[in-house]
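Reading through the C-alpha cells given below for one structure.
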C-alpha cells in the first residue's frame, strides 16, 4: 500500500527518514552530507538542484550539475534521492535523474507542473502550501491520481499563522487528517515547519508519535555557511542525535499508522 | 521544580493526565465520570461549575452547587480538582473549594481576574488565548509570578487559523517553546485543540512525545447528551483506550522534558 | 434608530468622529486634547481611565481621578465621553461618570462584565476581539440586547492575521457585514486597526466611503511622549488634517448607510 | 508615471475600472459582456482564457479560442484586455494577443512564469497571493523590474484569515502600503476579496476613497449560470449601479493618490 522510491517504501512498516541539504552547493558538500546521513540511518537523500527563490537575489541552485551530483551521491551511498521540480518544462529532464519529484509548497497551485508530474511516472512528494487547507491538499493529490500517478506522498510542512516565534506553525493534526482523507502516506517536515534548529528534534518525536510515515530533515556540513535555510539545518552530529532521539518512539509506533482512528 | 496540586505534581517526573467533563451537569454524571477517569489513571479531575458561555443561550453551569459536587467527587476518588474562574469576584469562593484554578482562553486578557488569581494562593492552570502568541502567554505568566503566585501551569489548547477541519489548530511546537521561555510546566489540551474525538488519541501521543508535562481531556458518560463540547468528549471506554495508547510513549519520555533542547 | 450619547446620535444622519487620547495622563494633557478635537469637529471624547494592560509593566491609568478629569473636560467642551470598563465591579462607578461604556477587544468574552454593562443602562461601544468572527461579535451584541441594553454601537478595530506591516489587519468589509447582521451602528477604529499614524487618514476615508457610522481616533498633544499607543496617535494638526481629508467623502455619503446592499 | 495598457493609463489621473467575466465561456457571453461594461464606463476588459483550476473537475477555459474571442471583443468595443497566464510556456502566445498579462494569486511564487512575463514586454497585473505579505509582493514586483519589465500594476485581492463570512479578507490598508513601498499603481479586486455580490459596491467605494488606482470587477450576463465565480459576479445592471455608486467618490479623489501620506 506504500509508495516505493527505489528499494525504499514510504507508508509501509518502516519509518523513513529523508535527509540532506536544502540546496546542492558543491560535490564535496553533497557527498559528505549524503554519507553522513546514510550512516546515521536516513533512507532517502534530499537536495535542491533547481531552487525555489523567495527573492530574486537568492541562490538559484546548480541546475543540471546539481542533478549529476545527486546521482553521484546515490551511487556512492545507495540512497535514492528526491529533488524539487519548479516548472513543467523541467519535469522531463529531472525525472531522468531523480527517484522522486518534489512539488514544493509554492507549486501546489501550479497546474501545468502538476500535469507534467502526473505524466512523469515518478513518485511524487507533494508539499502542502503555506495557506492550503487539508481538503485542498487532498484535492490536488486526487488530481495527480486522476492524472495517472498514484505514487503520491504528502508532506505537512507548517502553515502561515499570526505566530512569529517559528517560521511556520506545525499543524501536527494534519498528519492523521490527511492519512484519513486520502489513504496516502504522510510525512512531516520539521525543518520548514519550525525554521529553528532547537525545535526539530522535539517536533520530530511528535511526528513519529502521531503516526507520520516519515520525516524530511535539512542537514548541512556547516549550517552557518549554508547558502539557504542555515537556521533550520542540522549538523551531522545533530542529525545523529535526532535519529537517536526518535528511535525508541519509532520502535513502539508499530501498527499505529493504520489504527489512527481505532480509539474513536 | 514542578507545581503541586494536592499530592500530585505537574512538571515533575510523572506525566499527569487531567480528565473529567466539560461541565458539571449532575451528581451522578460527575461521580461516575470521576470514578471512571480515576480508575483509568487520571490524577486530577476537571469540571466546569461556572461555565464560559460562548453565547447567551448556552448552558451556564451549576455554580456553587457544581463546586460542592466537585468536592464530593474529590472525597470519593481522592483526585484533586481544577475548575475555571470566570470573574475576579468569584475567585475567593472558588479558591475555597478548588485545588487548582483554571484561567480560560477567553480570560487571558482579564487583568482583574489575573490579579485575584495571583492573590488566591492556589495553583493556576493558565490557558493560551486562541490568538495569543507564546510570548504574550509567557508575559501573563510573568505577571502572575510578579503578583505573588509562582504555581503556574501553562496549557496549549489550539490557536485560531484559516483551517476548518479542526475546531482550532494544535500548535504543538508551543509546548517546548513555552517550557523554554518560562521554565514552567506545560500541558496540552487535545480536546479543544482539535474539537474532534477521533484526533484526541493521536494528538495526545504527539504531546507526550514532544515533552509535555501532561494532558487535559474531556470525558463524559454519554457525549451525545453532553450539554457542552459533546463532539470532543470521550466515553469512559475511549478514555481508557487513550491512556493505554499513550502508555508506551509515556514510559520512554523519561528525561526528555528537561533535555528538550539538548540536541540543539 | 441610532444610539444617543448625550446630544449626539451614532447611526443617525450625522457621521460621528470620536477622538481623544489613548489614556488620560494629566489634566493638562486631557483638557488641551479635548479642546483641540472639539474645535476640529469631534463630537465625542474618548480617553482611558482604567487601562487594559497588555503587560504588567504598562501604564495602568489614573482610575477614578481619570474619570473626574474626563467629566471636567466634558464641562469645558460640551463633548460627552466614552471610556473603557475592564471588570464588572467597575461598571457601577464608571457608569456614574461616563456617557458611554467601552467594552474593549480583550473583554468581548468576559460575560460577567457584559452582564454588568447590560444592566448599567448606559450606551455601549462594543469592540471586536482580535480573533472574533463577525458572527461572534453579533452574538455578543444580541446578548447585550437580551440583557436589556439595546444601546449598542459596534466597532471594527482590526483582526490578527499573518501580516506584520500593520499592528492588525483592518477588516473593512466587516463594517457593512455587521450593519447588516445586527442592524446596529458600526464605527471604525483606524488607530488600532493599523497601528501606524501614516495610514490613519487613508483608512478613515475608506471607512467613510464603505458606510461606517463614525470613527474613533487616538489624538495626543505630543505622541512621542504618550504613555501608550504613541505610534498610532495623531497630533492636533494631524487630526485637523484628517477631518479635512474625510470631509468631502462625508458630504457625499448621505444615504449610503442604509443603501449598503441596494446594488445587490 | 503610470502603466499604459493600449490607450489607457493605470496610475495616472484617471480612475480605471477593469471588468468582464471570470472566464470566457462563449462568443456571445463575451461580446455581450464587453459591450455592456464598455457602455457603463469600464476602460479595460478582463476574461480568463486559460483558467486556474482549483480542482481537477473545474472548467479549464477555452484556451487559444478564448484569446481569439477576447481580441474580437477588443475590436468590437475598443477596450484593451487583460488575461491570466498560468505557465511560462504560454506566455509567448498569450502576449501576442493580450494587452496586459495577469499573474494570478496562485502564481506569485512561480519564478519560471515570472521570468517569462518579465521578458514578454507586456504590462503585468500582479495579484497578491492569499497568504503573501505586502513585503513579499513588493519583492516580486522588484524582481519583475530587475528582469526588465517595469510596467507592473499590483492588485490586492484579499488574504486568507480565520474569517468565513467572506471568501477572503480584504486587506484595504495594503493599497496605500503597496503604493508607498513600490511606487507602482495598485488596484483592488473586490470580487475575489469578498466573494459576495452584496459587498462589491461598498468595498469598491472603500477602494476609491483609500486611493486605489482602479478596480477589477467580475461581470456576467447571467451569474447563476456562470461556469466559475458566479456568486461574486455582477449582472450588467448591477455593474452599472456600481459605476454610479462610486462615481461621486471618484470625482473627489483627485490628487489623493499622491497625497496618501501627506497628513502623516
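Letters A, B, C and D mark the chains as written, and numbering starts fresh at 1 in each.
In the analysis below, a contact is a pair of C-beta atoms (placed from the backbone, for glycine too) under 8 Å apart; a residue touches a chain by one contact, two chains touch by 3 or more.
None of these values were measured; they are calculated from a predicted model.
Note on connectivity: the fewest steps through touching chains from chain A to chain C is 1. Distance between Cα centroids is largest for the pairing of chain A with C. Just to note, of B-D and A-D, the chains joined by more C-beta pairs in contact are A-D. Separating the CA-averaged centres of chain A and chain D is a span of 35 Å. Chain B and chain D have centres, each the mean of its CA atoms, that are 49 Å apart. With touch defined as above, residues shared between interfaces to two or more other chains in chain C number as follows: 131, 160-162, 164.
Across the complex, chain B meets chain D through its residues 160-162, 164.
On chain A, the positions that touch chain D within their shared complex are 52-56, 86-90, 106-107, 109-113, 129-131, 136, 139, 142-143, 146-147, 160. Listed in rising order, the residues of chain A touching chain B in the complex are 131, 133-135, 159, 161-166, 169-177, 180, 193-194, 197-203, 205-211, 238, 241-242, 245, 248-249, 252, 256, 260-264.
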